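For reference, chains read A, B, C, D, E and F in written order, and residue numbers begin at 1 within each chain.
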């Protein structure tokens, strides 16, 4: 281990803000991106399920009546 | 050989790629975490101070991997795009579309970490040197690709138009990579800081490689996640999506 | 009256949202033009710092100008403009609404983005503030004056470039005071005088331009 | 109500027509005929006040339309060659936006109902860019379903429509006339409109 | 084959002549942008001389780019493009013709006008020659690359600004070598290296761009 | 000569038609019918090779049109909704330019004659921008007067035309069929074409 104390580690010599600025933004974006994708995917699946269910409900009572515009 | 071809085409269909990707994603996440933690451990806790650049040099463990990835992802994206244009496979367009935002993110991070490094090293956030500028252009190319695809609503048309743009933009990659050689610039060329202090080079190199691997795994995982969503969206009228999301009462999952 | 203006703004914003690419692309045009100059001129920071206000303002001018041709052209082509001219409300108000909507999707984002680009040119924080302020005050004038030009060149073939020919000279005062405000800050004199002249231009533009524009539109429809 | 006297139209070096006049009262329709290029569109635009006539006068309720200005326009509904719809917006949004710009009240239900009347029920939420030629025209014509203004000026409304849609529009015009409205119409197709009085005017 | 290219050039030139405003306006846009800079930056001659190559090249880029959206849009809107795509000749040749015509009415006049404007920035005669030469060599590449962008954004709403987003990054090498050639002359190094790179870009652009453009056009028509 | 089998057209989420097929020989005309938005225009564009079909095949003289490429296009004359004329050019220039781009030989006399046939004698030198809607359509249709290619694909050619012009165009199509040509046509107006065999195909 190279560091003497935790505050040394945070200070990074005099370059703390720069190092942690880049590290923070990188970590943030790398967490944000998959989170956004997962959220979008959940919404998409819910929407598609709703749509499929609606179509099935429309089709089932009278299968032959199904028509297309 | 024909066997391998058949396999290849089998996984080139969204229907079989979708579950495969689903199974692979957790593995890539795990690898990304392992490599990332190891790389950061070495980079931030083990590696000693750089004599010339002070502690600030630790940004290298973030900057170099993102820079590499930003270029590499573009190449992969262009490869998929070209494949789609040539063979008209459905999967390739989706992969290209899934990769673009991650590539843009990497390009942005490369710029961001580079800027934060430049302030203590060069005394300025930004200089207009060839490498920095061409990296900026790369970000623009990504954004242009994304904007073009977003502006065309028919996905098949969007894929083809995007593919042409991606292929035309490939010429930028060698420019970025060799810019340091071709023009005499402020940005350091490969391996400058590595040869200065050979004793330290080993740990630094390892840290950097591990971080790069982590970025790589991360990119694959994220791209696969996005590709799965795109597949569902685009193939929502096919039977397999319907069977997946709306299993008939009689059948099973 | 206000409901009309609001209805126009609402419709135009909705259209703009429907093609978000537009807003984003205008911004990127701004960014790219600003970034082109250092490429053409070379990387010396001292030189660049001197150029910054001028380059940023010229780029803002050009970005605004690029979006002008479509201010009325779409409405003209599909016949909406005829309908607006035949509506029982004063056409000037409709134009005011369109000008405000144009500013919201072009001028405002430019002003908000400018400080980031200013950083690339190594401007200090006070200059950045003044730059943003000047753009916020000045861009409504650009939209207003631009609307007159857009209306005058409507339906004229080759309008896009003719438009810039008409409008750019009228933009010059805005450019001079706008860039002057930032320059004055950098050199230590206060920017107040420049900013208030800029404000006068913007108010004038927003009050008079709609009526001139409405008249030009009626001529274009004849 | 609508009176035109001695109208003359000059385009470039060409005098398209001169001495045209007519009078139209509530419940009546003017059917404007003539070969291609005889000036029907030009005449309609004059009646709306978009182009000033070279000579002659147009009066609405006894007043020249130039003097009436906004008052006249508040009673006028013009539908030209062009559809005046935005390709990016959906039919529903188009209808609502055009009503709002005319400061009319049209709620979403009424708009949906109008779209259903013109046979666009399934397309209300599809951007107009994707519609077929006839469907675009239908979106433009959907405005007429709830239109209560007195004077309708329609330039070839039936273009690109299929026969069912043509009948529908003819019905709408008929109902408008029965309510006491006025209509001026050009078309090259012969379509029967259920109307009290149809005046014909032939140009060229 | 040559007759086809010639027919396309002939038709496009005739159309351009019919709306001369276009050519003239593109030139005036060039002039105005170049003249705006001294206004935004201030009149020091030393500073201006340093800026000259960069400013002139950026202005040429922007002027070329402004005329791009209409390269195919008019033909698309009125249905001519469908007819061209259905013609029995390779679409790439038609595109080549259109690119050459575009260069004749945009790039060529710019190059011929540039020395006059360069004089305003106090460039010496050798630099002026190199400037003109670089523009003559470089502008065909601009037209070729621009055609790809124009075809890709065809029929896409908000295409005009999206176009600049796509095309400007690809223009940057031309800008760097073009301005570099003049700079190298001013600083005493020879411009040969830059000029030959520029020539390679132009040849590449004229050979490959038409085919990429033709593919993009077919996609746009689908 | 022209054969289509099992064509399917998908637009967005909507399947417009499927399983459409027909066969057309020299001297025959296919009259495509259907309500607005049933996919007539889409089908015509497929026949020209502008849009690839979602399924099915189109053959010309026994070969798939995709494989024939330029050979097929050399025998095809397509006229869409849009007129494909330049508003700045005069009708004469428009005709000559479009012939030259198709690498056909059309001298000025022949072009003037064609314009006279479609009733634009006095307008040959007026920029198309000034023409009326019907006159613009006539300029576009003037191409047909000297057109010798085998397959004509016409999308609503009669739109905006007056009755005299409609008859004229019907005559031109009739003469083309008598020469052994093929024609595919959509229209919502009922117009009699003097033709050997008219096949009808109804979509939707």
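To be clear about the criterion, contacts are C-beta pairs under 8 Å (C-beta built on N, C-alpha and C of every residue); 3 or more make two chains touch, one makes a residue touch a chain.
This is a predicted model, so every value here is computed, not measured.
A.B. asks: Shortest hop count from subunit C to subunit D along touching chains?
C.D. replies: Counted as steps through touching chains, the separation is 1.
A.B. asks: Applying the document's contact definition, name the chain pair with more C-beta pairs in contact, E-F or B-C.
C.D. replies: E-F
A.B. asks: Please decide if copies subunit C and subunit E contact each other with the same set of residue positions, more than half shared, or with different positions, and reply same or different.
C.D. replies: Shared-number fraction above one half, so same.
A.B. asks: Where the centre means the average of the CA atoms, what chain is farthest from subunit D?
C.D. replies: Most distant chain from subunit D: B.
A.B. asks: What's the farthest chain from subunit C if centres are computed as the mean of the Cα atoms?
C.D. replies: Result for max centroid distance from subunit C is chain F.
A.B. asks: Between subunit B and subunit F, what is the gap in Å from one C-alpha centre to the other?
C.D. replies: 49
A.B. asks: Please tell me the distance, in whole Å, between the geometric centres of subunit B and subunit D computed from their C-alpha atoms.
C.D. replies: Spacing between the chain centres: roughly 57 Å.
A.B. asks: Quick one: subunit C and subunit F, Cα centre-to-centre, how many Å?
C.D. replies: Each chain reduced to its C-alpha mean, subunit C and subunit F end up 46 Å apart.
A.B. asks: Using mean C-alpha positions as chain centres, tell me how far subunit C is from subunit E in Å, no decimals.
C.D. replies: Going by mean C-alpha positions, subunit C sits 25 Å from subunit E.
A.B. asks: Send over the residues of subunit C in touch with two or more other chains.
C.D. replies: 19, 21, 25, 28, 32, 39, 42, 157
A.B. asks: Two or more other chains in contact with one residue: find those residues in subunit B.
C.D. replies: 133, 140, 143, 147, 151, 154
A.B. asks: Find every residue in subunit F that makes contact with two or more other chains and list them.
C.D. replies: 12, 81, 87-88
A.B. asks: Using the touch rule from the top, collect the residues of subunit E that touch subunit C in their complex.
C.D. replies: Going through subunit E, the ones touching subunit C are 19, 21-22, 25-26, 28-29, 32-33, 36-37, 39-42, 47, 50-51, 53-55, 57-58, 61-62, 66-67, 69-70, 156-158, 160-162, 164-165, 168-169, 172, 175-176, 179, 183.
A.B. asks: Can you list the residues on subunit B that touch subunit C in the complex?
C.D. replies: Touching subunit C from subunit B are residues 124-129, 133, 136, 140, 143, 147, 150-151, 186.
A.B. asks: Looking at the complex, which residues from subunit A come into contact with subunit B?
C.D. replies: 1-3, 9, 12-16, 18-19, 21-23, 25-26, 29-30, 33-34, 37-38, 40-41, 44-45, 48-49, 51-53, 56
A.B. asks: Applying the document's contact rule, which stretches of subunit B touch subunit E when the two form their complex?
C.D. replies: 85, 133, 137, 140-141, 143-144, 147-148, 151-152, 154, 156-157, 160-161, 164-165, 167-169, 172, 175
A.B. asks: In the complex, go through subunit E and note every residue touching subunit B.
C.D. replies: For subunit E paired with subunit B, touching residues are 145, 148, 152-153, 156-159, 162, 165-166, 168-170, 172-173, 212, 215-216, 219-220, 222.
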